[in-house]
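The next block holds one structure in the form of structure tokens; read it before the comments.
By letter and in written order, the chains are A, B and C; residue numbering begins at 1 in each of them.
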Amino acid sequence: MRLFTFAAPSRFYGLSGALLPWLWASALLLASAGLYVGFVLAPTDATQGEAYRIIYIHVPAAWMSMVLYLAMAGWAAVGWAWNVRLASMLARAIAPTGALFAFIALWTGALWGKPTWGTWWVWDARLTSQLILLFLYLGFMALVEAIDDPKRSDQAGALLAVIGAINVPIIYFSVRWWNTLHQGASVSMTAAPKMASIMLTAMMVMTFAFWAYAFAVVFTRTRAIILEREQDADWVRTLVREEAVDA
Amino acid sequence: MGSILNAEGLACRRGMRRLFREVKFEVSPGEVVWIKGSNGRGKSSLLRLLAGIVAPDEGEVRLATGASCAFIGHANALKDDLSALENLRFMAGLRGLSVSQQDVLAALQTLGLAGREGSPVRTFSQGQRRRVALARLALEASPGLWILDEPFDALDTTGTAVLGKMLSGHVAQGGCVVLTSHLELSLVVPDLAPVREWVLGATS
Amino acid sequence: MGSGGDIVKARSSVWRVILGRDLRMAGRRRIDALLPVVFFVVAVTLFPLGVGPEPQMLRQMAPGVVWVCALMASMMSVTAMYSVDHADGTLEQMVISGQSLVAIAAAKALVHWLTTGLPLLVMSPVLGVLFDVRAEALAALCLGLLLGTPILSLLGGVGSALTLGLRSGGVLLILLVLPLTIPALIFGAGAVSAVDAGISPAGHYSLLGALLILSALGAPLATAAALRIALH
């Protein structure tokens, strides 16, 4: 347990509070830079014109949604296995943000699809898997919300998240199989324009921007959860009293 | 002789509220421990911890090796659609006890339910259901630990007397009992002795 | 811990005890037990009414429709797997009985398959005929469901244990379990389409079989863990 002294909620509360302004600033700067490079500097695509630029949001969002799911499952598992409350709180805080990125990926996918292929939605493997990932996020959020007891909620969520994490590759594989079998969609998200290095740069910068944003939002949410869960602790009582005096 | 059940450092939370902490508890063969405490203190939660239904948040519960532990909670654990006989056979099978039809009928007879073994439990009154649930105890193998949550609930005077005799007999054979009851045991089952009272106190 | 022989005997007897009890109870409530099958038939018949009776289209839709409705019908009775035992206190007794909770979970899934999955499987060729599905395709449908319905029971058990005692239980369970059943749906319905198109369905069957083995190994473990969590 010595390893986890930094995982004391009070320590995390203080540390994250100090980091937050920096995270928000980074997110803003990186997003501006990324969008500038992607929407202004990067060249127009030969086949897809200007509309392709949406991938600078779509692809990083898709990556984030997948990575955040693994992070959520990982922290939830740590919280369950070693009884670290903060880890479970982090997992709960990650879920809505992960779901948001999944939704953004789907929505930007539709925005890309309409001018490029004429339809708002294509049932290609990646988009369909993205939709299922959104369902997995929603399921997690629904389950932890439905359980009142905090410990049961954390543990049930952890089990569900781990089952989901194991199933994601299986689901992705089966959806790809389904997609190739049915020969329906000749269009695919993987038919992205050839990557000039500047395009890659734009995507990387946007990814970092999304990371900074994710950290900022998840930390903010975690702080709120900490205050709620630890409301009986002395340090929280002191904090609340101080804030009330300041107000 | 060592204790059958040994628990220390037990803590329990219900939601965000902590019910109790640093609870130390021990039961030795031949004892009847009556857990007392006002409503909402967590007596049922403590019994569930001792029975092993729930793993404790803190502390540990140790049952002596080879000792058996039977738990009867508020709920009777009976299936409405099955007969009393079928219910008891299921419970015995679940606990790995090999019992014959005769054993089960004898157990039901002890609890005053002779002749009703074939009727579905759905047709039994509350008191009769309680008796079927308690009949399990007569099927237990060696005298071990019985953990009973409000066992006298719904029983009439005859039923109470029968249960009292079962408890006395069990204790005389070296078994032990942990129970809760809102009834005053010295009035209701005066022949049951020795009864050690153990109060679940307030938290810090 | 007893010797290996004792453990095997204990495990086989817990199967017999659980199967014996649950099957007996299902036999006494036959109408309740068959409600999912009725739902299955009704749901499947809605599709032609919704999309029109054109035979070619129905034949193409058939595997997907039958599979999805079988999924839904299976979920109908899955909540009851543990909720009833939980409510009357039997589940607690199972947990402290000293029997392996994993074995109990596996036995319960088997009971669900015997009482819901198997009847659905039996009904499916009849429904396939309504959709004018050819004989070989019917066989593919049945074999696929034979492999797939146990998967549904196993996954349903996990969902049922996770959502034990929750107010929103039934619908929440469906939301949690259905995404996990998508691979089985894809391979199962895909097998029928493959046969229809003249392609070998062997790949589909092997994948379904693999899913079944994975579920059979993993789901009871997850269910046992979920039950312990739920009883907290």
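Simple rule for what comes next: a contact is a pair of C-beta atoms (placed from the backbone, for glycine too) under 8 Å apart; a residue touches a chain by one contact, two chains touch by 3 or more.
Worth saying up front: this structure is predicted, and the values here are computed from it rather than measured.
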Label of the chain whose CA centroid is most distant from the centroid of chain C: B
Pair sharing more residue contacts (C-beta pairs) when A-B is set against A-C: A-C
Chain whose averaged C-alpha position falls nearest the assembly-wide average: C
Computed distance of Cα centres, chain C from chain B, in Å: 37
Interchain centroid distance [CA atoms averaged], chain A/chain B, Å: 50
Chain A and chain C: spacing of chain centres that average the CA atoms, whole Å: 32
Two or more partner chains touched - positions in chain A: 149, 151
Junction residues of chain C, two or more chains touched: 232
Interface residues, chain C side, partner chain A - complex: 158, 162-163, 166-168, 172, 175-176, 178-180, 182-183, 186-187, 190, 193-194, 207, 211, 214, 218, 222, 225-226, 229-230, 232
Of chain A, residues touching chain B in the complex: 148-151, 229, 231-232
Residues of chain B defined as touching chain C within the complex: 48, 51-55, 69, 71, 73-82, 86, 90-91, 93-96
Chain A to chain C touching residues, read off their complex: 132, 135-136, 138-139, 142-143, 146-147, 149, 151-152, 155-156, 159-160, 163-164, 166-167, 170-171, 173-175, 177-178, 181-182
Interface residues, chain C side, partner chain B - complex: 10, 13-14, 16-17, 20-21, 24-25, 28-29, 87-90, 92-99, 228, 231-232
